[in-house]
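Okay, here's the structure, questions in a sec.
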Amino acid sequence: MLKARLFLWLIKIEILLLIGLYIHSHFMVGLREREIYGKRQLVRELSLTDMALFTEARYTRDISQADMFTPFQDFPSSFDHFPAGSIIEPNRDNVRGR
Amino acid sequence: MVRIEGISKVYNTGLPDEMLAITDVSLEIGRGEMVVLKGPSGSGKTTLLGIIGCMVRPTQGKVVINDKDVVKLPERFLTQIRRKTFGFIFQHFNLIPGISVRENVCLPLYPTNIPHAVMKDRVQAVLKSLEIHHKINTEVTRLSGGEKQRVAIARALINDPEMLLADEPTAHLDSKLSEDLIVILRRLSAEGKTIIIASHDTIVYDKPYLNRIVEMRHGKVIDVVLREPLPAIQ
Amino acid sequence: MKKHYRILEYALSSLLRRKYKNLALFFIYTLIVCLLSSVMFLTHSLKQEAINVFIDAPELIVQRLLGGRHDLIPLSYVDTIKSFPGVATVTPRFWGYYYDSLTGGNYTVMALTSNASLNLITGRMPEEGECAVGKGVAQARQLDINDALFFTLASEQKLMLKVVGIFTANSSVLTNDLVIFDKNDVIRFFALDKAKATDLMVKINNESEIATVANKIKRTLPDTRPITRSEILRTYENVFNWRGGMALVLFCGALLAFFIFAWDKATGLSAEERQEIGILKAIGWETSDVLTLKFWESTVISFTSFLTGVILGYIHVFEFGGTIFVPILKGWSILFPPFDPMPYIDLYQIVVIFFLTVVPYLASTIIPSWKAAIADPDTIMRT
Amino acid sequence: MTKKAILTLLALAMYLVTVRAGYTAEPQKPNNKDKCPVCGMIVHPHPQWLAQIIFKDGSYAMFDGPKDMLKYYHNMAKYNKEKTQVDISDIYVTEYYTTKPVKAQEITFVSGSDVMGPMGREFVPVSDDKVKGFMVDHKGEKSIKFADIKAADLTDEKTDHHKKGY
Amino acid sequence: MILHPGILALFIGEGLVIAMSLYASLLGVEVLRRWDINSSSEEQLRLERRTYLISTLMMYVMFYEVLSLFLYIYTLDSIHVIFVGAMCATGTLNANDIGWYALYIKIIVFFLSSSWIAINYLDNSAEDYPLVRAKYKLLLLITPFIVFCGFLLVKYFLGLKPDIITSCCGSLFSDESKKVSGSLAGLPIKAMMVTFYASATLLLPLIVLSITLRNSFLKYLTAVNSFAFFFISMLSIISFISIYFYELPMHHCPFDILQDTYGYVGYPLYSTLFTGVFFSLISGIVEPLKKIQSLTKTVERAQKMWLAISAIGIIAFVTISTWPIIFSSFKVDM
């Protein structure tokens, strides 16, 4: 029953590895807590509201500040700024509701 | 041991290629007998063997094995009977390539809950009795014809069945190996196993120690030659 | 148990017998799981980071809308808002965008709102005539501390600034395209109306009061749009869900193709396999045993691929910064922050990946397995 | 195990000593373990509701909301057998709009509003000048000073709402 | 609609399960119409082989239902952030009434499909397959539930909009809520505790007696009792077990215990309860099958095993729920 034993070992090792990675992730998060603290400080002191992930257009740069009209404004002949714009939904959330 | 009454088997009922394999066959085989089903190919030997071995369900008739009517039994229970009662030796050895002799021989035991240790001992014993114990870890495609045949027999014996069914066992062997095979079967018969061989090879059905020769033609039994069983060899 | 163990053993032999086919299957499967889990890990990590970081975002941002567009807000609103109970401070923000024709990048220009010293900056925060820049800007313009930086919009609107601070690389996700000026510089550079600001930042003491204040602002100043902190957080929650979902839709195509392949592999029962199952059934295997065998075969494939894929996905995202995705996500933005996501993972992610990959695969193998399992045992005798 | 226990005791003893020594009737910051003696809830996740009673010997009791503090105050025999109302130095509650600790006597409590504390309906502490606005914004029913709150009001409140509910 | 990976996974899974159960019942109809155990025709052989497919399909369906129940709640829990006012799965469920029905039906489907597996197991151990017809009729009964459950689930998630303002568990499961859930939470703790422990102490000896004695009445009694125990336990979880886990006297939510913060204790809690109740229920349900001669022995053997599992499940459930009551310093004012 060699193959089955080897296979079960492989599975066990992979599961252990996965658990190891899970622990590693917690460890890393703990280790980088200062970084998060620093970022929170940045957000607080510079009064930031958005991540600098996509700088193609206003509505992708400042997702939470954008309104429903923004996708139309930037470049008339283009519907969108690919790829960022195709992944980011125009922000319905803040406009409606209240 | 096995009683067959008025068995018929039709393949592909209702289809254009409907085929009558055997018609109205009755037969009774007692415990410890050694029987040959003789006849040209297409005469229904294999079908009859399949019916006896619970692999083929007859269209009509009754099959009684160890006092139990098996025709109506669902497949799940047929398999259990088959596993306990029969060992099969096939024309083409039908070993599974890519795995060792040991694994091939053990295969019938895999779906059971027999402990590993018991299984191990049994394989050793069976292979030893067939004198191919030294090849236990060899991959089966590396074996010679005779060795393959022995492994096939070992696999048939691993369940310690009451009955061995062999379908043209000598078809792919030369006469020397065929003789060897017959000797082995003879020995097993002497040990009390019921043996049924389907064959049209003279080497097989000319043997004096056969209890019965059933001759088949066009799906019918045309002749049954009965002989007194010989005393078991010591 | 013994029975399953032994059938597993045989299943492994049987998989090994068709080594190349199954290895190919394993690799494709692993690749798909790896890509899928990378997407999930990356989006979850960014989302989690947004939630952890923007918890300190302003409680309320008040924008003015004019004809549906964002417009400058009069500073006279400050006092109105300040008079509402529960409002601690109201601070005007001055910010905007600057297209740098030299590099083709878009910068975000912000005025300093406080003078606190920061951890994630080398150098210091700027005073009048100085600026602090994000890592991305610094790299694009090849800047170092004390270098001069020139901005121009029109003949009157130009600035020559000294770089006194550069945000550290690990803050890039927030600061990559930022250029921080002093307030007066921003007003001068953008030629802003003295009585107006870009928007107002409102601090509120009690969290339970935010919604009430927002409502009041909306009521008393109908041309404004208040954006609460919880809305910012929810935006990020939604965006990355959408993002994760978007990628999932793309991957669904790939998954489908893969399952069709798997189905094809399983249905196209070769004569050899049929023979093998015939033998097993002839020597005493029952239909359900063969089904168990097939179940183990697919389980072995799917579990090893799933585990390997998830592990590789983790390593890909958190050790190599999602190298595969960068070219896809980058598009034509010049300033794209390097990904160094925090390894936030959630068991839920892994459960979902399991449901998306293993469940459909197992389901797609049921009928083919059954078709194989019902093979007549006597087929081997008849051939 | 025992070693750990001894260490903990030691730390606790030292803590108490320092607390006693450095006693002022200043409002305290809750630590991670401070629990409300009335309901058993850990109080630090709800800083904007925090209420506390500081005793003359420097010990204190933290509550997850003014309602529990009032329950405690009006039934000290049940919750704290060693102390009576006489031993109390100061009572602090957290003002709703400023989220700063304020002495309970200097403030108005509003009941029946739509603002929910961690324990549901609350006596919301609002500074006197903002009571009117609060009553309008949050549909408050009754405003009352600390001294006027009777033990009966605390039980009444619940049945009141039950009557309304069904 | 919210395009969330978890929802997508549920959609795919639900679609597969619906397809599988529909196919299974289609095959089942044919088996019902043509089944003749006494025939040895090829037709009968084909039908017999179909039964393997049907039972395999149902096995997968059952496993899926078990797993997806947890995935469903887990997903609800993880998307609660999107809704204003939601703090856990309850909030997400409240966003749209259908969610609750989908949850109830999912639980029912889980019980039905596992009963089917149990009955199938018994039937397969008798040579004459005495339950074939009953089994496939039951299958035809289960399929609509599965389809309906999938339909509700899809309708529920499609109907969710991110800006729905919902109410959370804090307001639903509070004494002051006007809804049924509120009155559940407002149940007097002491009385509920007495009822809970009384019913547990009644049920456990009953199970033990059922294992040792062959009396049929006892089996029925156990089944009925365990059924009652299920509801009592659910009420107890809302009324007092949950608050001991949260250490919050006003927090009665039955879903928050599934969260990370409480060490996922809800998963073992609910799974032990479900296991315990299911196995004593099913031993009662199969009791009449003892009358069929070919099944008597198997039924008895299976009942013993099932009741033993049930006892273990219920003991584990009671232990888990009692643990914080005894060992935490948290005290509730009764």
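Residue numbering begins at 1 within each chain, and the chains themselves are lettered A, B, C, D and E in the order written.
As a working rule, a contact is a pair of C-beta atoms (placed from the backbone, for glycine too) under 8 Å apart; a residue touches a chain by one contact, two chains touch by 3 or more.
From a predicted model like this one, the values you see are computed outputs, not experimental measurements.
Engineer: Stepping chain to touching chain, what's the minimum from chain B to chain D?
Structural biologist: 2
Engineer: On a CA-centroid basis, which chain has its centre farthest from chain D's?
Structural biologist: Result for max centroid distance from chain D is chain B.
Engineer: When you average C-alpha coordinates per chain, which one falls nearest the overall C-alpha average? Tell me, please.
Structural biologist: E
Engineer: On a CA-centroid basis, which chain has its centre farthest from chain E's?
Structural biologist: B
Engineer: I want to compare two interfaces, D-E and A-C. Which one has more contacting C-beta pairs?
Structural biologist: A-C
Engineer: In whole angstrom, how far does the Cα centroid of chain B sit from the Cα centroid of chain C?
Structural biologist: Chain centroid spacing, chain B to chain C, equals 65 Å.
Engineer: Express in whole angstrom the distance between the two chain centres, defined as the mean CA positions of chain C and chain D.
Structural biologist: 43
Engineer: Using the average of all C-alpha atoms in each chain as its centre, how far is it in Å between chain C and chain E?
Structural biologist: Centre-to-centre distance between chain C and chain E: 35 Å.
Engineer: Indicate the whole-number Å distance between the mean C-alpha point of chain A and the mean C-alpha point of chain B.
Structural biologist: Inter-chain centre distance comes to 67 Å.
Engineer: If a residue has to touch 2 or more other chains to count, which residues of chain A qualify?
Structural biologist: Expected reply: 1, 93.
Engineer: What residues in chain D touch two or more of the other chains?
Structural biologist: Within chain D, no residue touches at least two other chains.
Engineer: Which chain C residues reach two or more other chains?
Structural biologist: Counting only residues that touch two or more other chains, chain C contributes 6, 9, 13, 16, 234, 238, 242, 246, 287-288.
Engineer: For chain A, which residues are in contact with chain C within the complex?
Structural biologist: Contacts found on chain A: 1, 3-4, 7, 10-11, 14-15, 17-18, 21-22, 24-25, 28-29, 32, 34-56, 58, 61-65, 67-69, 73, 81-84, 86-89, 91, 93-95, 98.
Engineer: Quick check on the complex: what are the chain C residues that touch chain B?
Structural biologist: Residues 2-3, 6-7, 9-10, 13, 16-17, 275-276, 279-289, 292, 376-378, 380-382.
Engineer: List the residues on chain E that touch chain D in their complex, please.
Structural biologist: On the chain E side, the touching residues are 170-171, 174-178, 182, 247-250, 329-333.
Engineer: Touching residues of chain B toward chain E in the complex: what are they?
Structural biologist: That would be residues 13, 57-60, 71-77 of chain B.
Engineer: Would you tell me which residues of chain C are touching chain A in their complex?
Structural biologist: 5-6, 8-9, 12-13, 16, 46, 49-50, 52-58, 61, 63, 65, 68-70, 91, 93, 97, 105-106, 108, 110, 112-114, 116, 118-120, 134, 136, 167, 170-178, 180, 199, 201, 214-215, 218, 225-227, 231-232, 234-236, 238-239, 242-243, 246-247, 300, 303-304, 307-308, 310-311, 314-315, 318, 328-329, 331-337, 342-345, 350
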